[in-house]
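For reference, chains read A, B, C and D in written order, and residue numbers begin at 1 within each chain.
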Amino acid sequence: MVLVTILALPLLGGAAIAVGRGRRASAWVAVATNGATLVLGILIAVRVVKDGPISGAWGVLRADALSVFMVIVIGAISLLASWLGIRTMAREQELENGSSVRSSHYGMLVQAFVGFMLLAVLAANVGVLWVAVEATTIVTAFLVGYRRTRGSLEASWKYIVICSVGIALAFLGTVFVYLAALHAGGHSAQALDWTSLMVHAHRFSPSLMRFAFALIVLGYGTKVGLAPMHSWLPDAHSQAPAPVSALMSGVLLTVAFYAILRFKAVTDVALGPGFARTLLVVVALLSLALAASLLITQRDYKRMLAYHSIEHMGLIALGAAAGIRLAIAAVLLHILGHGLAKSVLFLTSGEIMAAEGTSQIDGVRTLLARRPALGGVFGVGLVALLGLPPFSLFTSELVMVRAEFEVGLGWAAVLAMVAMVVIFIAVVGHARHMLLGPPTSSHLPAPPPRWVATPLIGGLAVCGFIGVFAWPLSGLLEAAARVVAS
Amino acid sequence: MNGSSYSSALTLAAGAVLVCAVAILWLASIRSVIRMVAAQGLALGLVAVVLGVHLHDAGLLAAAAVVIAVKGVVIPVLLGRASGGNSGSRESRPLVNVPASLVASAALIVLAFVTGRSVARFVGTTAGALVPIGIATLLIGFFVLVARRRPTFQIVGLLMVDNGIALTAFLCTAGFPFLIELGVSFDVLLGVLVLMVLSQRLRIEFGDVDLDELQELHD
Amino acid sequence: MPLSGFSLALDRFGALFVVITAVVGICAMVFRLGYAGHGLASRTASCILPLFVTTLLLVPAASNVTTFLFLWELMAITSLFLVLTDHGHRSEVQVAGQWYAVMTQLGAAALILGLVLLATRAGSQSFAVIALRSAHMPEWVRSTAFVLAVVGFGSKAGAVPLHVWLPRAHPEAPGPVSALMSAAMVNLGVYGIVRVGMGLLGGGPAWWWLLVMFLGAVSAMFGSLHSATSRDLKRLLAYSTTDNVGLMLLGVGASGLFASTGHRTLAIVALVAALLHVVFHAVFKGSLFLSASSVQQATGSTDLDELGGLLQRMPVSGPIFLVGGLAIAALPPFCGFVSEWLLLQSMLHGLPSSNVTIAVAMPVGVGVLALTGGLTAFTFAKAIGIGLLGLPRTERADRAGEVRCSMWTGAGLLAALCLVFGVAPSLVIPAVVDSAGTVMRLHPTGALTHGWQIGLPGVPGMLAPGLLALGLIVCTGLVALTRRLVQHSPVRLTEAWGCGRELQTARMEYTATSFGEPLTRVFEDVLNPSRDIDVNHVAESRYYTEAAVIHTSLEDAFERHLYRPADRGLQRWGAVARRVPNGSVHRYLAFGLVALIIVLVVLA
Amino acid sequence: MSTGWSYVSIAAISLLQVILVMLGGPLLLGLMRKVRCRMEGRVGPPIRQPLLDLRKLARRERTRPEHTSWVFPLAPVVLVATTLVVAAIAPLLATDPAFGWSADLFAVVFLFLLGSVSLALGALDTGTAFGGMGASRAMTIGALAEPALLVAILALSVPAHSSNLPTIITRSLAHPAWLATPQRVLALVAFVIVIIAESGRLPVDNPMTHLELTMIHEALVLEYAGPDLALVKLAESMRLVVLFTLLADLFLPWGIATSPGPSHLAVALVATAGKVAVLGTAVAVFEVTVAKLRLFRVPELLAGAFVLAILAVLSALVVP
């Protein structure tokens, strides 16, 4: 039942917004519900780690450690996003001279978005997972095109076309898995449940699973933003309202990756680790190289963050390629850390854009001197994203490198390191131009109100905390890793 | 029905799907293309019906009904209405012209048959033998997405990809559990709806555009 | 820490560096009390500075790979913040920060790969275990790890060609920070090389150490040449850091070479010499940087050609700088002399061994040592003579006064240590011998110190710095006394003579540039100086000139010929790559189709 | 090594050495000047003339340019002090193991370096163009001479396994065969070049000149007068004699006292004086025959010396 509650919570928030016609109070209710999701997720996590997975809603939903971990990630980041979303809605209302219709639409869509992501990670069944992910595509399409500018329309068109094709391929892959499952003697009703897949996987036809997994990596990879179907990502992220970009980059990508992770577990049982590993390494290195090359001469800081996401997805894929338990744990930690840091950065960049009126890197100068709060958060967030301590991304990246070496993928780690150094050089150059330098004018603009600054700083603080202290997570990470890595 | 008629019916229906796909590649005027899409949807539904009758699978028949309703009727109608303003408009200068597209489609079909064979052999049934057709439809749909400029054409391409996959699904697994099938078609419907809304907005905002004029966003 | 333990353990070798850092840190903190640096005043900076010092103190205590890298990177990032504290005032700070960030990250990447490789092969990331199992690893693993470590630590130590951040970051960083970086952080680079090369890998083939020696030699020459010819005080000090690091590496390399050819005693002696130089370098470089930033605060400039006459105007900081300068120039009775002497001795006594590599390496090493020694003397004669002596060249320098007492206390403590260690090195040598023995797992045969004297076990090389100092002081006193005795009439103040021009002004003084000019000419090929002279003639005749201005500038050869082209290449590549995603949805979908076809073809 | 050196004798000997050096320096200068004049066909001043000059200078009043700091008057004192320490510890007359505590060639080099640095600082303190110019040139030459010097020392200390002067000398006394070896000869040449550069003789520097553009050493000491100038001149003459003596002892060690006792010392005194006088004459003759090098040719000379020294070391290793 508790799982149903989790799914209900975001809808509750959406309903509140609908009822309150997007007034501030109702928005706060939504924030509260997302907070509740986080808390509930943590509670379930404790339970699941203690005494095994739980399922609900007539076996449609199932929560093992991995799903719960993803629930926590979604909860945390949706909390941040909806919190700053209040500001976005307020701005929207100003634009629409007071009418709160569209802002309430926005609020509801965001809640629905969160709800579908939760469904995706809690689904016990591959098909339901697929439906949920496709649904997120549709919902976010509206959110991306929310501004109705030419740019946002173009972005949402590209987004939905490319993602739908990708997801369709993923569906074909799912069909093949289903076929394999049926032939392996699964009963058609439960054949698509993760549990039964894992049970029967060793009897699946290898040739079919090869097709299936390749298509799934290609398809869900589109959603993850892995090369070669990544192209929608920079456009969508740069055009969507900041909280939406935060949600997409922070969780949507990783929710899609969660699917790949699950299927990888099945494939490894069916084919042995080799096949999935090769495929993922290729994709990962491709994405890393691409992100590195396109960050060098980047001119738009939101796109910069977007390509940075592609880089991190590549790293995660590389970690998953290694596949041993250590690596998977690192991947999950990375998912959480990247989610926090990246969403904070997108939210901050939204504030910066609202303040400076441009998303061009050349348009923003001497931020640290003029807007210490925003500039500081942005700078520290970049430090976190570049994988420097004390933030958790450093630890996870380090552990991933270790894992690569342990499974003999050291060469891939070396290439990844090269790409990361190039990215570091590029990003540092851009950040330097944006942040440093003397103040142009003497008077400082008003800093953002405390309730805006709090979640941003809080998010980074958490990211730093989990980078240094293990105890809150280690158990959960271990359990979650055990789910997909034998 | 007996085996031979079943197999011939199935082959006919599936073949129809593929033929429609090639035809779409060949046609230029949007109205006729939409008709073709409707035809393809119906053919797909027919495949489901034949399978359902053959396997006495009520769920499959229900799915067939859904498919026919959504892909054969609703979507084409909506498409027609969406491009109603200028349904006479044509794909005047495609990125890949018609002859080249047909050649390409031929190549794609060959590829589909080469790759689909292993799956077909695996499934083993008469239906399974037709899996390559599904894959071919998928590939041609993808090709349409790449090669055609008009927004409506991209929607059509998307539909074709979807039909191809649905066909494959029907042929090799006799369809998904009904609920999921429902969810899938619902998603497709929604996706197409969103795209149509978007294309309308595009037209409202900047008149009658080709998609490759949308190149503002890049590095 | 998540997924990996956090463990600290301090052995004698690490302890040496902790102590060095602690001493420098205390002095820097005392100095900072009075230091009114623009950036350091801010709240963030005053939070980060202690954090930086803490990481400096912890790094030598890290006892497993993750912990080490964590602290290492934390040290890098905090120091980066501190370097950037002044970004609001000078634009060079940004450039310096960028260089520093990039170089340090390059190093970190190499380190991560190297150490992780070792940890994986050893099956544990604890240093102790690695040290146990490293002997059984295949040769290529050991060598790769070592080379990577040398690159990584070299970039932190500021060894050529990874030194480029030093001369940029040090001048821009606030005084105490640059002192800490140059006197404490740079040492950790040497620490790392020794820890990995000798501690974890337990020594290796000769070519490793020849590589280290080569790096050391190049750094020493390059650093000393540039410091001899640069006119900015802090830039000069930064380059001399590269120079001294070079000497340390020279010692380390020699030690490793001896160890690899079985001369255990000499190996210890050479390592002791290197570590001794680490200690002493920390002391004198710390005092130099601190008093240099006192000068900066008093005159608002570190450009030697804007200073002068400060010895009288800054009666305490001036002499402190003087002492530091004499010490770094390895002149008795100060400490630099002792370590260089020991280094020379160890190389000298390597010679008789009938090993060709050593036979060739050592004389070259001695030559490098000698040349850098001479150049360093030249450099600091310039720094002191142009900066502190003579006439003030600017009005601000003329008005300069002594800084707050906490500042000169901080610098003075270190300067005092220069003298103390120079007179009685036996105070530190036993400790250094201990730590060297610890890391090499060797036990030195016979002590290096006999009361007043330093001697090499088993060879008749002896030095009694204390007695030398005593002799010097006594003689100086006697001579001064005699001069008083033979001469009782008071000293008459006169005009300095200069070809009969009436009045002496600062414009007639030699500048730092002109002082370095002969050397610049001699080493033109290395330094490739660029001169441009613009003469504007009087209207009437082009044979008479109104004014002639000459601009000379030295650009770092590695910066020009290595890093700038690399950067240009990167930019070009980025420009090419940017054209691929042109925004057309068709092209994006085409990527997907191609990928799909490839997958199908491959799997079919 | 021979024992029986009481501390008294050590002290006595080093005192004797100091006094002899203080006297011998000026006399050596006088001798060389005399030789020059004779070769140029002039009578020339008496040999003891430099001593008289020193006495005259010592009586003059001390002057000091305005705005000089305490460095200016201190510099010559330190210069002399360093030379005295060297004179006291170096085995000029007697190879005395008890001097071992510092009679080290490296120590000697660094002591001389201290002297020249302090003089350069004194010159820079005057703030005149000449002071700066002299200091710059002197330090440049000093810096470039250093490597050649140390490597030459290395070459000498290879066979003795030590840079400790008494050891080198006693061992080469024990094995006279060393003296003829090629590395000896090469090192000798390098040594001589360096000594000439260090002590500012022709062709590196012309001690007689007062033409601003060419002078190095004279520019340094331009501001010193009276007793200070006396100190400087004394110091350089002492430096010259010490260097010559070392040269003599290192390459022709015979006659040096290896055990205490007046007789030995007397012999040593005579022998050393003779050797030094010969050397001085030779150098003087050489000076007459050569012209001064351009300043920027000097580095080439020193580089040559460096190469010779390196060759010396290598040959020392192949021909042990």
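Just so we're on the same page, a residue touches a chain if its C-beta (ideal position, glycine included) is under 8 Å from a C-beta of that chain, and two chains touch if they have at least 3 such contacts.
Since this is a predicted model, take the numbers as computed values, not measurements.
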Problem - Centroid-based (C-alpha) most distant chain relative to chain C - result: B
Fill in the blank from the handout: Note: of the two pairs A-C and A-B, more contacts are counted for A-C
Practice task
Using mean C-alpha positions as chain centres, tell me how far chain A is from chain C in Å, no decimals.
Solution key: 44
Practice task
Can you check how far apart chain B and chain D are, centre to centre, with Cα atoms defining each centre and the answer in Å?
Solution key: 101
Completion exercise
So, in whole Å, the Cα centroid of chain A is separated from that of chain B by 31
Completion exercise
chain B to chain C, mean C-alpha position gap in Å, rounds to 70
Exercise for the section: Mind pulling the residue numbers of chain B that touch at least two other chains? Expected result: 115, 118, 142, 145, 154, 211, 214, 216-217, 219
Exercise for the section: Return the residues of chain A touching two or more other chains; collapse runs of consecutive numbers into ranges. Expected result: 157-158, 161, 165, 207, 211, 234-235, 294, 297
Exercise for the section: Give me the residues of chain C that touch two or more other chains. Expected result: 578, 581, 583, 585, 589, 592, 596, 603
Handout entry: All pairs of touching chains, each written as two labels joined by a dash
Key = A-B, A-C, B-C, C-D
Problem - Partner chain C, residues of chain A touching it in the complex - result: 157-158, 161-162, 165-166, 169, 207, 210-211, 214-215, 218, 222, 228-229, 231-232, 234-235, 290, 293-297, 326, 329-330, 333, 368-369, 376, 383, 388-390, 392, 394-396, 398-399, 401-402, 405-406, 410, 413-414, 417-418, 420-422, 424-426, 428-429, 432, 436-439, 466-470, 473-474, 477
Problem - chain B to chain A touching residues, read off their complex - result: 115, 118-119, 122-123, 138, 142, 145, 151, 154, 158, 161-162, 165, 168-169, 172-173, 176-177, 179-180, 183-184, 186-187, 190-191, 194-195, 198-199, 201-202, 205-206, 211, 214, 216-217, 219
Problem - Sites on chain A touched by chain B in the complex - result: 125, 127-128, 130-131, 134-135, 137-138, 141-142, 145, 148, 150-151, 153-158, 160-161, 164-165, 168, 171-172, 175-176, 178-179, 182-183, 188-189, 192, 205, 207-208, 211, 234-235, 238-239, 294, 297-300, 303
Problem - Residue numbers on chain C that touch chain D, as the complex places them - result: 228, 308-309, 311-312, 326, 329-332, 337, 340-341, 344-345, 348-349, 351-352, 359-360, 363-364, 366-371, 373-375, 377-378, 380-382, 384-386, 388-391, 452-453, 459-464, 467-468, 471-472, 475-476, 478-480, 483, 486-487, 489, 491-499, 504, 506, 508-510, 514-519, 521-522
Fill in the blank from the handout: In their shared complex, chain C is touched by residues of chain D numbered 58-59, 61-71, 73, 77-78, 80-82, 84-85, 88-89, 100-102, 104, 106-107, 110-111, 113-114, 117, 120-121, 123-133, 135-137, 139-140, 142-147, 149-151, 154, 157-158, 161-164, 167, 212, 222-223, 226-228, 231, 295-296, 299, 306, 310, 313-314, 316-317
